[in-house]
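Once you scroll down, you'll see the structures, which are given as C-alpha cells.
Both of the next two complexes hold subunit A, though its partner changes from subunit B to subunit C.
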Partner chain A sequence: MTATAPSADERLTRTSPLRRLLGRPELGSVVGALAVFLFFALVADGFVRAAGLSTVLYAASTIGIMAVPVALLMIGGEFDLSAGVMVTSSALISSMVSYQLTANVWVGVGVSLLATLALGFFNGYVLTRTGLPSFIITLGTFLMLTGLNLGFTKLISGTVSTKTIADMEGFSSAKALFASVLTVGGVDFKVTILWWLGLVALASWILLRTRAGNWIFAVGGGKEAARAVGVPVDATRIGLYTGVALAAWIAGQHLLFSFDAVQSGEGVGKELTYIIAAVIGGCLITGGYGSAIGSAVGALIFGMTDKGIVFAEWNPDWFKFFLGAMLLLATLLNAWVRKRAEATT
Partner chain B sequence: MKAGIPVVTVNSGSEESRAFGALTHIGQDETIAGEAVGDELNGRGRKKALCVLHEQGNVGHEQRCAGVRKTFDGTVQNLYVEGTDMSAVQSSVGAKLQADPSVDAVVTLGAPYADTAVKAREDAGGEAEIATFDLNAKVAAGLEDGTLGFAVDQQPYLQGYEAVDLLWLYRYNADTLGGGRPVLTGPQIITRDQAAELKGYAERGTR
Partner chain C sequence: MTQPARNTGRTPLVELDDVSKHYGGVRALEGVSLEVHAGEITCVLGDNGAGKSTLIKIIAGLHRHDTGTFRIEGEDIRPASPREALDRGVATVYQDLAVVPLMPVWRNFFLGSEPRKGSGPFKRLDVGLMRRTTRAELLRMGIDLRDVDQPIGTLSGGERQCVAIARAVHFGAKVLVLDEPTAALGVKQSGVVLKYVAAARDAGLGVVLITHNPHHAYLVGNRFVLLKRGRTIGSHTREEITLDELTRQMAGGSELDDLRHELEGEGL
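Up next is the complex of A and B:
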C-alpha cells in the first residue's frame, strides 16, 4: 500500500470567488457601467438626483425588457431584426381589437399575447424549416410588420395612429400592471423597471440553472455538434424567438397603456438598440457566450449615456456623436477589463 | 405640364413650384409657422423655450425651430429625440426639464409628441407650457383641459381640398389664386377657445 493520496481531479478544484467573478461575461460591462455613471455624476448636475436616476432607469428598462430575450437569442447564435416593430405590432393589435370589438381592454391584451407569440413562433419556425440565415428571415418579418402596422392602422382607424382607449373598460387595471408609477421614498419609479428586473432574473435562472439554458449555449456554440449530442436544436431556437415575442408583448402593452394611443410608425430602428445593449453587455455576435445580467448592464449603459448627454446639456447637434463615442469608450473598457481578467485566470 | 395638364402643387416645395410651372402652390411655410410660435410665446411671457425635433436631418423641422428662434425674445434650445420611440422621447424631454428647470416652454413639432411632452413634464415637475405644431383630436382635448398651451395648425386637409377646388375653378372659370406666390393655409394659432369646436372636426378627420 502506498501512502500517496490521489491528486484531485482538476475539474473538481474549487476556484476562488474572485476568479469566478472575473470569469463572468458581464464583468467588463459592469466596470464600463460604473465608469459611465461616475462620469455623468461628475459632469451633469441633475443626473445623480433621485428624479434623474428614475428617468435614467426608465429609459434603461424600456430597452432592457427587450434586450434580455434578444441576448438569449444571440447566445443561441441568432438575430431578430423584427424585435423593434414587433413591440409596436403588439400594441396596435391590443388597441385595435379592444376598440373595434368595444370589449374590455383585457380581451385585446389577451388576443395581442397570442398574436405576438405567433409572430415569434413564425420567425423561429421559418428559420428552422428553411435553414436561411436569421438575418434574412427576420429582415423580411421586420419589413412585413412595418407595412402591416401602417396598413392595418390606416385601414381600421383611417389615420396613422390608433384611437385612444383611455375611456374603455379595464384600462385602469391594465395600466396599473403595465404602465403604473410606484412611489418609493418620495421618488417615482416606473413599473417597467420591475418587469425588467423580473425578466433578467427569469432569464438568468433559465440560462444557468435549467436544461434549456444548457441547450441555448450548446446551440449557439455549434448547432451541428449540439444536434449530435441530442439537444433539440429546432425547439430551442423556436423557443428563443417566442421569448422575444413575449417580451415584445410586455413592451408593447407598456407602450399602449402609457400613451393610450399608438403611432403605427414606431419601433423602427429599436431592434438595433436591443442588439447593441446585448453586445455591450458581453454577448458575442457569433453566439455561444453572454448573459442576461450583461444585457441589463448594457441597457443601463445605453440608457445612462442617452439621457446623461441630455442632463449634461452638451450641444444637441452633436448628440449622436457623443452617444457613439461614449458607447465605444465603454465597450473598449469592457474588452480591456475582460482581457485582463482572462489573463489572470 | 407639357401636355397642357394644369398642375397645382401641395404642402411643401413652395420654392420649386413656380420654377416647375405650376398654376399655384397651396401649402405652408415652416419658417413663418415657427415665427408665429415665437410671437405667441412672447405674448405668453415665456423666457426659455425648448424645441423638440423628432427627426434628425428633417429640413422642415429645422426651419420651424429657426422660425421660433427668430421672433422669440427669450432663448430657444433644440433637443433631438428618437421619434420612433415614445418612451425615449418622454425620458429625454423629462431629463432636459430636470437638467434645466428654467425652461418654461416646450415646443413639439408633431401632434403625438405633445402628449408625450405632457407626460415628461409630469415626471420632471415644473410649470413649462407645452405648445405643438399640428392638430389632432388628442391635442384638441389637451387644449381644452389646459394641459397644452396652444397649437399651430397648417390645415393639411384644406391644402388637399383647395388644390382640387382650384383645379375645378381653373377649368370652370380660368381662375388662379395667389398671384404667382404660394397660398398659405397656415399658421393658425389654436387655443382653448377654439378647441372644443375643432375637436369634433379633428375626430372626423377634416382638421
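Up next is the complex of A and C:
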C-alpha cells in the first residue's frame, strides 16, 4: 500500500488517449477480428466479395442476437446455460400452439413470447431466491428444456420435428418480420442482421446511458457493495435473465419462420457459443466488465471463422481449433486488462 | 456506567437505549446505549467479538434489534432495510464494501441514486452532471482527480474510503456510520481519512466511528462507548476521560493489570 497524499494524484492519474483506448473492453476482439478478416481475405477466394460478406454477417447475426443479452448477463456476473435450448423451446411453442389451435400464427408467436419470458424469469427468480450458483440452476433448466423439447414434440407430432405451418394464416407476415431477405445493391441480406444491430444498439444504450446499466455493472462487479448503496440487486438479475429470454424468442421465431418447421433437438451446445462470443468480445467471466459491442465483434469473429473455412475449402473440423485458440488469447488479454484496472497504483 | 454519558437536553440524531440482540442462543448485544449528536463524533470501541458489527448492522438497517429502543431524531424505528435507514438520513460506509472496484469513479459516486434527464424511453443518465459533480465533490474533500473515468480500484484504499464518505455527505446523510475506516490503512492514509471524518463532523453531520484503535478515536471523538462481549463497559464524553485511560480500558482495563501482575510474578 502506497501512502498517497492528495497532492500526488495528478502524477498517478495522467492518461494518454492511447492508454485510454487500451482500456476499452472491445479492443482485443477488434484486433482479433481484423486479423481473422485479413487472414481469410488472403487465403479464401470469394470471402471479401459482397455475397461472401453477406453470408458471414448472417452467420454472425444468428449468434450475435443471443450473444448480446448473454454478454449483459455475464457483465452482471451470471451465466445462462439454458440460452441455447431456450431458442428451440421458443420456436417449438410458437409452432405447436399455432398448429394445435389452428390459429393465426401470430397467436402462437404471442404465446411463445409470454412463455419464453416466463422461462427467463424462472431462471432469475430461482437464482435470487436460492442463492445457488447460476451455473447449477441454468444447467438444470438446460436439461429440463432439452427433455421437454424432445418429449413434447414426439408426444404431439409423433416425430422429432414439428409439422409445417407454412400454409397457416399470418405465416407470410411473420416470416417477413423474422426471416425475410433484403436486397441491397444486388446483394441479399437476411433481416436477422438488422435485429442483431438493433439489439447491440439497444444494449449499449442501456449499459452506458441508463440507470439499469449502472446497476448491471455494479451487480456483477460488487454485489454486496451495490446492495449496501440501495441498488435493487435481485430485480436487476431477474431483468437480465428476462432479457436473455426476449432474445431467445427473437432467435426462436427466426428459426421457425426460416424453415417453417423446427427440429426439437436443436440448440444443444449453442449456449457455449454465445458465452464464447461474449468472452472473446471482452466480457470478464467473473462479471463487472465488458460491452455489448464486444459481444457483436465476438459473434463476427465466429461468423468469419465459420464461413471463412468453408470459402477456403478446408475441412470444417478446423473450425473448433481456431475457436479454441481465439478463446484462449481473448481470455489472456482480458486477464491482463483486469490486472491493470485493479492495480492500486 | 450504561447511562448516556451526558444529557444535554437536545434530541440526539440517533439514540440507542438499552438495545439487545440475540442470534439464536448467542447474545450479540446486551443493554447497549449510545447517542449521536449533530456535529459530533461518537466512537464505538471494542475488540473482536465485542458486538461492534452487530451494533453497526442495527443502525444501518441490516438487522433488527430484539429489545430496547432505537430512535432517529426522537422517533422510535425498526428499519427493515438499508434503504429505509438511508432514506432517514443514516448512511453507512463499510470497510470492504464501499465501492465496486472495476467501475469508474463517477459511476461509483452516484451508484443507487443516479440523476437522470430526458423523458419516456429516452430517460437517461445525466452523465455530464455526474462527472462534474463527482469531480467537484471530491475536490471539496481535497482529492484532485484528473480523470473521474478511471476505475475506482485504481485509487488507494484511503481515497476509496474518502469517495464513499464524500458520496454519503453529498446525498444528504445526517448520520454517517463508518465501519473501521482506518483498519486496513497505513498511518498516513489513516490521517487522510480521519481528516475527512472531521470535515464531515464540521459540516454538521453526526458520525458513528467504529474502530479498535483508541488513538484514532481520541483524535476526533466527542463520545466514546466501549463494548466488550456484547455489553457496554464504558461510556464517556471527551472531558471525562484521557487517552491513557481510554487505551487502558480498551486493552482490558483491570484484566490487563491482573495480567501484568501475573507476568511480573512469573518473572520473579
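As a convention for this text, the second predicted complex is superposed on the first by the 294 of 345 C-alpha atoms of A that agree within 3 Å, B and C clash if a C-alpha of one lies under 4 Å from a C-alpha of the other, contacts with A are read in each partner's own complex, and residues count from 1 in each chain.
We adopt the following convention: a residue touches a chain if its C-beta (ideal position, glycine included) is under 8 Å from a C-beta of that chain, and two chains touch if they have at least 3 such contacts.
The model shown is predicted, which means the values in this text are computed figures rather than measured ones.
Contact with neither subunit B nor subunit C is seen for A:Leu332 once the two complexes are overlaid on the shared chain.
In the superposed model, A:Ala176 makes contact with neither subunit B nor subunit C. In the superposed pair of complexes, A:Ala44 makes contact with subunit B only, with no contact to subunit C. Residue contacts after overlaying the shared chain place A:Ala261 against subunit B, while subunit C stays out of touching range. Of the two partner chains placed by the overlay, neither subunit B nor subunit C lies in contact with A:Leu143. When both complexes are overlaid on chain A, the residue A:Asp188 reaches subunit B alone and has no touch with subunit C. Every residue of subunit A that touches subunit C in the complex is listed here, in rising order: 1-7, 9-10, 12-15, 20, 205, 209-211, 213-214, 217-218, 221-222, 224-231, 284, 288-289, 338, 341-345. By the touch criterion stated above, subunit B contacts subunit A in their complex at residues 56, 77-80, 82, 84-88, 90-92, 94-96, 98-100, 112, 115-116, 119, 123-125, 136-138, 205. Put simply, subunit C touches subunit A in their complex at residues 82-83, 86, 92, 94, 97-103, 107, 110-114, 116, 123-125, 127, 142-147, 149-151, 153-159, 167, 185-189, 192.
The residues of subunit A lying in touch with subunit B in their complex are 44-46, 49, 51-52, 54-56, 58-59, 62, 84, 158-159, 161, 164, 188, 192, 254-255, 258-259, 261, 263, 265-270, 303, 306-307, 310-313, 316-317, 319-320.
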